[in-house]
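As structure tokens, here come the structures.
Both of the next two complexes hold chain A, though its partner changes from chain B to chain C.
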Partner chain A sequence: MKSNSSNGFISSIKNAVASQRFIAILALVAIYIFFAVSSESFRSTDTLVSIFDASYYIGFLAIGVTFVIITGGIDLSIGTVMMCAAIIGGVLFQMGLPIWLVLIAIIAIGGLFGLFNGILIAKFKLPPFIATLGTMMIAQGLGSIISNVQSVTFPLRGSDAGYYVNLFRLPNNFPVGIFVLIGFALLAALVLNKTKIGRYIFAIGSNREATRLSGVNVNRWETVAYIISGLFAGIAGIAYAATYTTILPGEGAGFELDAIAGVVIGGTSLSGGIGSILGTVIGVFIMSVLKVGLPYIDLQPHYQLFITGIVLIIAVYFDVRRRNKL
Partner chain B sequence: MKNKGFYRFMMFVALILTVSVIAACGNGSDEESSEAEATEGESEGMVVEVVAKGFQHDFWRAVKQGAQEAADENGVEMKFVGPKDESAIAEQVEMLNNAVNKNPDAIALAALDTSALLGPINQAMEKDIPIIGFDSGVPDAPEGAIDANASTDNYAAGELAAESMYPAIEEQVSGAEGDVRIGVVAQEVNSLSITQRTQGFIEKMVELSEAELGEGTVAVTGHQKLSNSVSEGDAKLIIETRVPAQLTDSAGQTEAQTLLNKEDLIAIYGSNEFAAKAIINADSAISGGRIGPDKVVAVGFDSGALQLDAIQSEKFYGSVTQDPVSIGYNTVDLAIKATRGEEVSDVDTGAKWYNSENIESDEIQALVYE
Partner chain C sequence: MNHDTILEMKEIDKSFGVVKALKKANLILNRGEVHALMGENGAGKSTLVKVLTGIHHRDAGNIQYEGQPVAFKNPKESQDAGISVVHQELNLMNHLTVAQNVFIGRESTKARIFTDDHYINRKTAELFKLFNMDIDPTVKVGKLSVGKQQMVEIIKAVSMEAKVVIFDEPTASLTETEIEELFKIIDKLKSNNIAIVYISHRMDEIFKITDKITIMRDGEYVGQVETRETTKDELINMMVGRVVYEDPKLEPNVDQDAEVVLSVRNLSNKDVKNVSFDLRKGEILGFSGLMGAGRTEVARLIFGADAMDSGEIHINGEKVIISTPKDAADRGIGYLSEDRKQFGIVTGMSVADNVVQPSLDKYVKNMMIKDDRIHEISEKYIDDLNIKTSSTKQLLRNLSGGNQQKVVIAKWLEHNSDILIFDEPTRGIDVGAKSEIYSLMNRLVETGKSIIMISSELTEILRMSDRIIVMCEGRKVKELSIDEATQEKILHYATAREGGDMLEKQQ
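Up next, the complex of A and B:
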């Protein structure tokens, strides 16, 4: 009896998620077709590569923060953590570290910031919004301190250490990065849906108290969600460095909001307990197709903000309606 | 449950409507004239994509105005884009990608960071699209990528600022005994144009005052990139540069205020509009004000409403202005010539000193912008 009703409950949640995901895919296809019809040059593979380029770093950030949002928390620090990790990586490279070690260090620095957030939130019970706001500023400041407010430049393609750029784009412009992004998305989806980590993260977001009472170490799994978010911020830092080469100090604020917008457009609920990685990836692509596509119909990219805002509000409206129905 | 399909449909419709309505608003220009009519030898129907370093500053608006003038004279279609500020490297990369993907006849580029832009620059080279550098140009660009530049000689412009400021402080400098400081506010130390303007000023000022005080008596301190080996304790005159940690007006103001709060400050220089604005804002926050006639001598760069007002009211001793309209005009002019296959070479668009005396002259009025 009990298991029956909870099954019904879970499947209705799954339906709701699936439906928004479906709408999101439709919207993505519709927007793409709209631009493809409006502009001939939009239909080129070069443009597709530009769309991918614009999606990598936001995509990794969004995948990571999906875990945190499903626990019912928020991570505002990912944007500046990503840039901080990348700029420290750049400084390490200038000091002579081999590039592969630098890349590992970048991911590790992201993870450490995640651990820091996790401890503040799970152990010391700081509200996630405030704790990660603090970390956001710490990361921004730390990056400027360590780099002495100078930009760092990552090795270019063709230089000795430039081979790492091939992780995202081959010399013939083939966008390998999209497979890297999808690979990590699949991995994240697997962790979220098929492992204990994922089950507990969903459980914490649905009903924290019930989860704790059933003997789950809520603090530990909540911390894990923030660490995952931090690790993905590190990966995003690598993607950013490979795509844009130069990292300026004090940057990155605002990227977290782009990522969170992607997550929400993809159907993950900000109140926790509901979400999917596929949705997040679709949400991110909706935003980057808008960003890359609007100049083709002679609109400045700031129109992207305007339109993304509307898309976001519609998506959240759906989220609210859905929960009222349940 | 019955409503779900309806809402799904509504959301879909709303989205498409939004996109198309906005597209329609912005798309008042001619759609068909673009690529189809481009013919050789004629500039009619040519498309030039201009990717600037900014968009909202008055300076860029003046550049755009000049570019538009040249485009209109030649019947060329000109599109002008720029990132939200001068730190948005990723945004500019995306803009240049877009510009190259659209296969225009020529591209004009003021690079924020050349290494970040190498991908699209190489693509433009492969497609044989000529690139014209403007403003700070495209420093360290790959061989043969840039056909020509339309820009200010920034180092010389910085020197001009120092030469013009010197007579006003000569007396104090000649009596300096380690108690005299000249402040410099630099927006950043990454881009070549601003760094050259800052360096041009500092090096000229060192040269002028060492001629008076003797070799090795001037300490240049502050940012590592802009300092010399003379220690502050040994020096008769100190030139201190401050660089804000962030590209926000308030961060700039903080640095300017730090300089203005130093008792021994006799002069201050801001090496672009941002820095000049920071000095003016910082000064207005100090009761009585530190800059003005018989007080700290302030010199700026470029113009903008706030700076023009400071010069008219003589709070600023004067400023150096570039010629943004000429930069824009020459850029598009070079782009058209390059597309026609004509020989093109760099154009120095010039810099001029202006103060309360000549600000109303036609010559200066043509260069400054609000």
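Up next, the complex of A and C:
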């Protein structure tokens, strides 16, 4: 028994080293060091804060959509759902709702969109790509309809209701949001690895029919995955509002692809059954470091897209090669 | 012990659209008995099981379970009532561990929230120990051999404290030793007064372990017999309405010095160790061995599906380099995979499109596909090979397993393949169609084709082969001519752990 567990320990280390997560962490560190060596001004706390700022809302989106992707599905609606939830929240605030209730409402709206996706996909058997593409358009349209195509503004720091901004940055500029992100990431990882929800999400992505035949209510748990994705889109909406204050109707499309790219760079398989929250967070940070860092070595922001694309392809290539070896 | 009736299914009807899958089907099962359910593919055995477990819902008929009328709405309800099924297709989650698979849907939780993997690992280990199996509960199922996966599936069904356990063709992917283990498990269940339904095509197994047999044909109940009082021929008669004999071949049909069409020397990669052999014109060369002996891997090397580390392949005396399946196909080698659905056919395409798939170039003129000629040639194969299909446009998924296999044969004939590799040619094919495939293979070698046949069924090996190569753990252990081969000899070499040379010296 003893030798067994030590073998297990060694092999789990071996597995960890071979895993995409480990490669992703190395890549993140390497990219950060590269920028830090290339540019003195990159090595400032301000830069670090910008990296964190750029990670919040994409990070929440990515954590949520990781659940859906592990089931073998996809959620394209998260970008516009996040904006729609934030806009409706802004309208509610202008109508006089207290900010704490607005924040809860934003998360709930995200969850409702997730429930809608889940019902379309699990109960009515629409392909996830199409169902969430439809929801993506609905959410974008709904945001504009409710705000009457006006932008909405969230309370600034210093105003009565502005205290919620402290969730992401303290008055002395301390980026407390990183702890919020990590906190939610830990919570998500716990749910994914240590609860029935997570077990069934992995099982569905691995073999949906087998899971159903084992007596698991797969429709329910698949729906739960989409609800989680929606709830995190709501949280992302709050992070966006806190960071950028003003929300324009009609935005949000495209954010979902950034989030999905982060998930994939982090080693979650689009065919389902494999994935981790840690990987997703690392994947998102790789993209943020590139985004913030490239201007420091005199590459304009549009290079970010170009290079992120290459990183994405390399990441998936490694993943495919590793899997074929097994 | 109490051997009263636990389950009674009476006059069950079930239609899918216009197809009547079950017509007044019956099954009466007692506690503590092993009850075989037999019939050709499409006879309705699996459908009957699915009606019982709530995967399908019956159109008419009654089900009494433990004296109560029941109608399970879904697999969970029947499972909760004590009916568990080992399905024909593997129903496992490859990315989860063995223990997680065994306890899926019945997770143990700490504080009602967190899953307790230590607990299920321990419980699973206890189960494996109880049944003398050596499988690590914490390993991912995808890393196990197919046979081991099947054992996990069986343990999962057994662990549910079931009163009825249904085995749907459980031995298709098991080795001889694993089958022995399975039989021990079944004995143990039986002695605990559990009722067992055993679906299988394999006569020897049926006679070895079952007490009663219910026979079905075309969705109908044909009869129930006591295993002790029946014979193989009677059963086959009841199943197909005609007698099919499975006599072994007595002597090779090919001369020792017939022309060598394929010569393989020192073939090696990670699964294959230094394999050499010759295939003669007009010969059926049987490859026997246990699961994982490396037979399919040899075929995949010859067909260019996997890369070889070393070795040479000669076709008609000429050394060839085969690095992709296209190279092999161009050299006249055709491969009929053991896993037809995944590698052999495109189920969503028509008979005609499948037949011309590798040779489509022949039917393209001015960049346009000549569909009329494709249909003409497909008609010819439908006649020649007696493929039962409504038309050349019928989708392959609507054909029976035997007819799908014939389409694969047609495909390689159309590509002018002279060397055909049949990997488990009759797996999942019913008794009637089986003998048709056999006579087709005999016709092919008579017309000068040469066949490598990989098979796990010893009766099939002995009936079809002119010469037999026995493999074990990636090595060729022994070559036997058909006139010296017996089941016992083949099994002896197939289980030789130390490789051929040492065995030879001992004798």
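Keep in mind that, in the parts below, the second predicted complex is superposed on the first by the 308 of 326 C-alpha atoms of A that agree within 3 Å, B and C clash if a C-alpha of one lies under 4 Å from a C-alpha of the other, contacts with A are read in each partner's own complex, and residues count from 1 in each chain.
In this section, a contact is a pair of C-beta atoms (placed from the backbone, for glycine too) under 8 Å apart; a residue touches a chain by one contact, two chains touch by 3 or more.
In this text the structure is predicted, and so the values were computed from the model without any measurement.
J.: Looking at chain A, does chain C or chain B touch more of its residues?
T.: Here the partner covering more residues of chain A is B.
J.: Name the contact category of A:Gly215: first (chain B only), second (chain C only), both, or neither.
T.: Only chain C; A:Gly215 stays clear of chain B.
J.: Kindly classify A:Lys196 by the partners it touches after superposition: chain B alone (first), chain C alone (second), both, or neither?
T.: Touch partner of A:Lys196: chain C, not chain B.
J.: Give one of first, second, both or neither to describe whether A:Ser271 is in contact with chain B, with chain C, with both, or with none.
T.: A:Ser271 contacts neither chain B nor chain C.
J.: Taking the superposition on A as described, I'd like to know which of chain B and chain C A:Gly205 touches: first, second, both or neither.
T.: In the superposed model, A:Gly205 contacts chain C only, not chain B.
J.: Touching A:His302 in the superposition: chain B (first), chain C (second), both, neither?
T.: A:His302 sits against chain B, while chain C stays out of touch.
J.: Where does A:Gln150 make contact in the superposed view: on chain B (first), on chain C (second), on both, or on neither?
T.: Only chain B is touched by A:Gln150; chain C is not.
J.: Pick one for A:Ser159: touches chain B only (first), chain C only (second), both, or neither.
T.: In the superposition, A:Ser159 touches no partner, neither chain B nor chain C.
J.: Based on the superposed arrangement, let me know which partner A:Leu248 touches: chain B (first), chain C (second), both, or neither?
T.: Only chain B is touched by A:Leu248; chain C is not.
J.: Common interface residues of chain A with chain B and chain C?
T.: The answer is that chain A has no such residue.
J.: For chain B, which residues are in contact with chain A within the complex?
T.: My answer: residues 4, 7-8, 11-12, 14-16, 18-20, 22-23, 26-27, 29, 55, 79, 81, 84, 87, 89-91, 93-95, 97-98, 100-103, 113, 115-116, 118-119, 123, 189-190, 223-225, 243, 245-247.
J.: Which positions of chain A touch chain B when the two form their complex?
T.: 19, 22-23, 26-27, 30-31, 34, 38, 41-42, 44, 46-47, 50, 53-54, 141, 144, 148-151, 153, 156-157, 169, 173, 240, 243-246, 248-251, 290-292, 295-303, 306-307, 310-311, 314, 318, 321
J.: Which stretch or stretches of chain C touch chain A in the complex?
T.: Residues 55, 74-76, 79-80, 85, 87, 90-96, 100, 104-105, 107, 109, 113-115, 138, 142-143, 156.
J.: So in the complex, which bits of chain A are touching chain C?
T.: These residues of chain A touch chain C: 8, 190, 194-196, 198-200, 202-203, 205-207, 209-217, 273-274, 326.
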